[in-house]
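Can you read through this structure? Questions will come right after.
Labels for the chains are A, B, C, D and E, by order of writing; each one numbers its residues from 1.
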Amino acid sequence: MTPLDTLYLASAATLAAMLVLGDWRRAGVLATLMYGVQLALLFTMQRTGSTSFDLSALGFELSWRFDALSWFFAVVTLGTAFFASWYGAGEWLRAYTGRRRLFQSALAANVFAMLLLLGSGDLLTLFVGWEATSWAGFLLMALAGGLARDAALRYLVYAMAGAMALLGALVVLFQAGGSFSYEAARATLAAMAPGPLWALIILFGLGFGAKLALLPLHLWQAAAYSETPAPGSVFLGGVVGRMGLFALALVLVGLIGIPHLQALAVPFTFLTAQDVVAWVAALTVVLPTYTALKQNDARYLLAWHGIGQGGYMLLGLIVGSALGSAGGLLHVINYAATQATLLMVVFGVRHRVGHTDLNRLGGLVARMPLSFLALLLGIISLAGLPPMSGFVSKWMVYSSLIQDGRPFLFLAAIVGTLGTILSVYKLIHNLFLGQLRAEHEQLNEAPLSMLIPMLATATLAFVTGVAPGLVLGWVADAQAAIGLPVIDYTLGGIASPRASLDMLWVVGVMFAGFGVGALLFYGAGGKTHRVHQLDNYAGGHFLDAGMRYHYSDNFYAGLMHLIGGWYRGSFHWLEGAIGSGLSLVAQGAGGWYRAINPAFYLLAASVALIAWVAL
Amino acid sequence: MDMTFAPDPLALLVIGALGLIVVGAAGLAFGRHLFRLVLALGLAEAGANLLLVIAGYRWDAVAPILTGSAPAAMVDPVPQALVLTAIVIGVGVQALAVALLVRVKLAYGTLDLAELKALVERDIRAAAGIGEPDSAQAPATLPGPAGLIGERP
Amino acid sequence: MHRIATLLFALGLGVLLLGLAAQLPLGATPMAIGNEILARAPGEIGAANIVTSVVLAYRGIDTLGELAILFAAATAAGLVLGHAGSRSRNGEAGFILRTGSDLLFPLLLTVGFYIVLHGHLTPGGGFQGGVVLAAAFFASFLARPSHRPGHGVISLIEGLAGAAFIGIGLAALAGGGAFLQPLLDRGMLGELVSAGSLPLLYLAVGLKVGAELAGLLAQLAE
Amino acid sequence: MNALVLPVVLPLLTAFLLQPAGRLSAALARWAGPAVLLVCAGLLVQIALLTGGEPVTAAIGGFAPPVGIVFYADALALLMAIAVPVSALLLWPRAEAGEAGVRQSALMLLLVGSGTGMALSGDLFNLYVFYELLTVASFGLASATGTGRAYVATVRYVLVSGFGSLIALAGIALLYAQTGSLNLAQLADLAPERLANPLGLAAFACLLIGFGVKAELFPVNNWVPDLYACAGKPISALLAGVVSKLAVLVLLRLTVLVFDSPEAREMLMVLGLAGLVTGELAAWRARDLPRLLAYSSIGQLGLLFVALSLPGPAGLAAALAVALHHLLVKPALFMLAERWHGSLDKLAGAGRASPLAAGLFTLFALSLVGVPPLPGFWAKLLVLLELARGAGPFDLTALALVLAVTVVEAHYLFRLVGILYSPGEFRDRHSPRALAVAGLGGAVLVAAMLTLPAVSDALAGLASQAADTAAYRTLTLGGGL
Amino acid sequence: MAWLVLLLVVLMLGAAVLVLLLDNLVAAVAAASVVSLLLSVLFALLAAPDVALTEAAVGAGLSGAVLALGLRRLGLAGIKAEDDHA
């Protein structure tokens, strides 16, 4: 029984427990504990290890093994699962009206499927894990029914299209290489001619891009992730999208290798394969972020950011330098913690208020201060400002872009970050700042069972921000596992000769500055005293309670008008075109069977057949 | 046609057989009235049978019946056995088809294929309980661009 | 437009088939099994009409299949027409038809049985004789629609004749040989009682086809 | 091994005697049919155990092939032969009173006898006769529901089958004119030098259209949707399940033994792809369950024809995997359709009303789409691997189309699963037998999944034996009794 | 012999086309029987007496009777068949 066996057994046991005890009142707590056990198991085992059993079917071997990369993603997965389950264990579960057993087992199935995917020992097992994750995700998303069911169905179409592209690539690779194992695949890919290699890259890109929601395939994610029940949405938003990144890292970087991508040129242009992927990632950073700006529901806003940050991670990874790829991989953990915190806060508000429509909220800071604090830490990390962890990984990716001499990509990243800052401000402003509405006067803080995990992930983001070294060790091992140059790091940050960062100093200086400012202010006898919201003077007269002076409706209307023009749902048009084109063809296909006089077409078909035979 | 050139009888027969099949097939494709389709089917089958018998014919050979006289070269008996079966199959199917036509006439009162197709479609939809059949409207296809869910248009 | 298109297709199909048929080895077919049967049949089966020996001996199960198809068609027609608007036609047909059918009935029966029993000697056999028998019963039914041949009797003859055919086959199987293996001695070629069990088989076929078609025609004529 | 003929002859004998037996006692007529089927199934299993999978032949009438007709029973033929009586027993139509009931049982017996004959026979015209018997029997059974629309659908089915059978007859004529023989083994010997020309290919095309009618091959399958929508669900399950596989088995024998040329395979692939694409797209637009299943059956058989066009034992293994998987799933789905009435949007809430049925439907949908652990995935994987091995222009387009169509299939199947589990009041027709058949199908599917290594070895053995033409020829022509 | 065959084939094909073109269905059935009859003569010429007898008895006789009875049953016999002419 290798350690990996015990991990898989524990995960399977969790699924079984949830299937059996799903409806039990304390099921949420049990699930959280079991995820905790799995996390502990993961930490006790070393980075690499393989299972003792492997299935063989039709002459193919299904084998599972862990390497540093899969271990790294497993940590993120189980961590997010632990906090999401904790978040959904207490008050939320009592208020949950859906079928508890189905929800708990769906979550457990998702975790188990993702562990299977992460530990896949060869391409066929990768595909089996990939399908398992897609279908478990579909089950989790389709739970809430109605709108969620449609969103889940749309996700399923994208996921199946991706899976089929992946299967096509696997099959072609198998025929060329003779077996599904990674080594054989690596050998055949190395020796492959540019033409088929491009086909494979496109197929793998489509396959994994569908789940990572890269640009052309991103329309499903926002709705699907937001309509899922709260803990599910936290888990999905936090980490499920990153499975695409894991697979891309495994295949594009691990099997094909960055140098090979750089060597592969796009015919008739001076772009290389690496540039193409980088630009897809860059566009995925920019466009969804500006769509996030337009969202009126906090959950959708954060979901659209999920897509943007996914593109960001791929951008870092594909740059291929030690600094860039470390930044990309580190961002997986940082963003998981950040997104989890933000989603927990938003769902906390939803738990209390009943909706998260940004145009009908405001001033909740007075009633939900701790949630406000968690959201504040989260948006600082999302925007990429010190002292939070988001800053560290964004800084690493930015400096690697500059070092590698890719000014336009850097520009795109900056524009993306600008969009992020604008939209997070909209989030915190419309939710917590401004005038408290009358109906929210008696609102009380999010329940304790939801508050603690929220704050825990926030502090986690803060701690990894202050001392990134704790996590960079895992990142370095992951880089080594897929053959990338390894980053050399210290507790405080990066110590490479060309760009160094020491967060301990940065945070120390920041707090020192705050300290000095506070000393000066309080030293000089300043006192702070509360100012009532209405103690204000606007537009020439005093405010009174009846008047609404805080308009959070259609925030950024001007900006929206400006960028609305050219971005008007171009991808929607693409999706719609494919949909209607397909239904037109289907109309024709159906016509064959509705033909009034089938024999006429029979005659035509037989003539064609015999003519073809004769020629 | 000058007399010396005697047309090769077998080629004529093949033309006859294929002609029958083609006329039958055209009748099947051409017909609107079910009864005429059954007739056309009978014709085509006759053509196929003729083709099968021709496949067994040998030049200047006699029928495969042993008469007391000297044993001359005989035609291949196997195709004839096959055609025997094929003809009776054809009539069996034809009789069943006519029986079915009687029932169709009783049920719908018409034997015109176009009308019947419409009537059957209406019945199937009624039996299944589908609403008004506006076949143009595609069922819930890929969720089209109903605007970004949750986004103010 | 539809008709022109159909004509075009018909002509196209015709030309193509003719093009293909030109390559047919007409008149000189490679009789791979034909010659062997022509050589072995008289000795091995003892029937003068070699086609009958092929139909009943060499390819016996084809004929069994053929019987079953006719039985299936009649049963299916019965199922379909079972109770469709069966208004029993009373009254007598015209005088000429009645006397004509009375005169013809015995004649048709003898011709029918002649064809059936001489199946192994002269052209004809169970199927053709059966049709003539059916015509005999049908003529009498046309003359007097009221008393149609008993439905029970017909289905009884039909069932038993079919069972007889298979029984003879099974007898061969029970006797150690293969299913439908020719039994009894072959007797003198050309004699009425020759070719072993073939005449019996053709008799069964004739009765079955006759009963079936009579029933079918009666049902259709209701 | 002359007892091989009994499973074909006994049902025919009982069918003939059913009518007179009905006179004696109604009970006898009612239970004679299923009893004989049990006996036949027992016989076949006993033969299978006796021969232990080694092919065995039975010359009809004692005449050694090629002169006489021969029954050739290798493992594949026996498997299909056993499947016929078993599925007929499972899908026996609801007993009707009196005359109609007796006639229906007789037709069912004829269908089983001819089906078993088609699986075992080794002679081309004998296959044609059994195929016709199967068709005529299915005409009667299809129109048994007695509704006006069933008659019209059956008439169209009769016309298309008639067209198919006359084309097949023309094919046999062309074939006989060139080779002078009907025995499959001898045809296999003569094929290389006699049938290599376009006329040989034309003969194959005619036979393909002829036998393709029941195998729902592209040009001749427009009778399928209306017939399965109007005929009784048990008979539709039987037709779509085992009967279509028998027709495919005949075509499989033809392609493996006689027409082994690349053009023939190309033709199969093109027609298969056409059936696959039109079937699945039409299913995507269907708005009532029976026709959706009918279109999906056309699509699945299209995939089967694509698999059939793959050369070599590996291609055959893929084809058998797809065929057996479809044989298992489709009848079960049709029986589920019997519990739920037609229109799709009327099925809302079925998940709550009959959770087991909805669960089974989801399981079958997952297997049809090809989700990994289920057998459906392994069958599709085999087909895709063989397509990739071919790597010709046809193969790659076929690969792309099969994958694209799977996405469409996933969408319409899981749109329906979504409807099943959406809230709504729903009461399904109470039919315990339908659930039993569907449950059995599901159980076998899961069992196949769990014992995958054993199943895959057996499949490989089956395929290599079926693909071994040399053994077929020596055993049949060598006069091995 | 060849001229006889030519005559018979032309007659047969003519009758076959007539089957499709005749408005009156009874006449069409009659034409079908004529085709069957000519076909049985051709079979006789092709040294296939068995088949000729079968074609005559079954093709001309039985199928003609079945179709005629069918017409009577369908009520289409005799009267000018209505809009069946496509």
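Here is the rule we use: a contact is a pair of C-beta atoms (placed from the backbone, for glycine too) under 8 Å apart; a residue touches a chain by one contact, two chains touch by 3 or more.
Computed from a predicted structure; not experimentally measured.
With steps allowed only between chains in touch, the distance from chain D over to chain E comes to 2.
Chain D has the C-alpha centroid lying closest to the overall centroid of all protein C-alpha atoms shown.
Across the two candidate interfaces, C-D and A-D, the one carrying more C-beta contacts is C-D. Rounded to whole angstrom units, the spacing between the C-alpha centres of chain B and chain C is 22. As a whole-number value, the distance joining the C-alpha centres of chain A and chain C reads 76 Å.
Taking the mean of the C-alpha atoms as each chain's centre, chain A and chain B sit 60 Å apart. Multi-chain contact residues, meaning those touching two or more other chains, occur in chain D at positions 125, 129, 132, 136, 139-140, 143, 151, 159, 163, 167, 174, 176-177, 180, 182, 198, 202, 284-286, 411, 415. Contact of a single residue of chain A with at least two other chains is seen at positions 153, 157, 582-583, 586-587, 599-600, 602-603, 606, 610, 614. Counting partner chains per residue, chain C has residues 2-3, 6, 9-10, 13, 17, 20, 24, 26, 29, 31, 33-34, 37, 49, 51, 59, 62, 65-66, 69, 72-73, 76, 80, 123, 127, 216, 220 touching two or more of them. On the side of chain E, the complex with chain C involves touching residues 49-50, 52-54, 57-58, 61-62, 65-66, 69-70, 72-73, 86. Within the complex formed with chain D, the residues of chain C that make contact are 20, 23-26, 29-34, 36-37, 40, 57-62, 64-66, 68-69, 71-73, 75-76, 78-80, 82, 152, 155-156, 158-160, 162-163, 166, 169-170, 172-173, 177-182.
Taken together, the chain C residues at the contact with chain B in this complex read 3, 6-7, 9-11, 13-14, 17-18, 21, 24, 26-29, 31, 33-34, 37-38, 41-42, 48-51, 53-55, 59, 62-63, 65-66, 69-70, 72-74, 76-77, 80-81, 84-85, 122-123, 127, 189-190, 209, 216, 219-220. Looking at the complex, you find that chain E touches chain B at residues 1-3, 5-6, 8-9, 12-13, 16-17, 19-20, 25, 28-29, 32, 35-36, 39, 42-43, 45-51, 54-55, 58-59, 62-63, 66-67, 69-71, 73-76, 81, 83-84, 86. Residues of chain B that touch chain E in their complex: 6-9, 12-13, 15-16, 19-20, 23-24, 26-27, 30-33, 35-36, 38-40, 42-43, 46, 49-50, 53-54, 56-57, 61-65, 75, 80, 83-84, 87-88, 90-91, 94-95, 98-99, 101-102, 105, 111-112.
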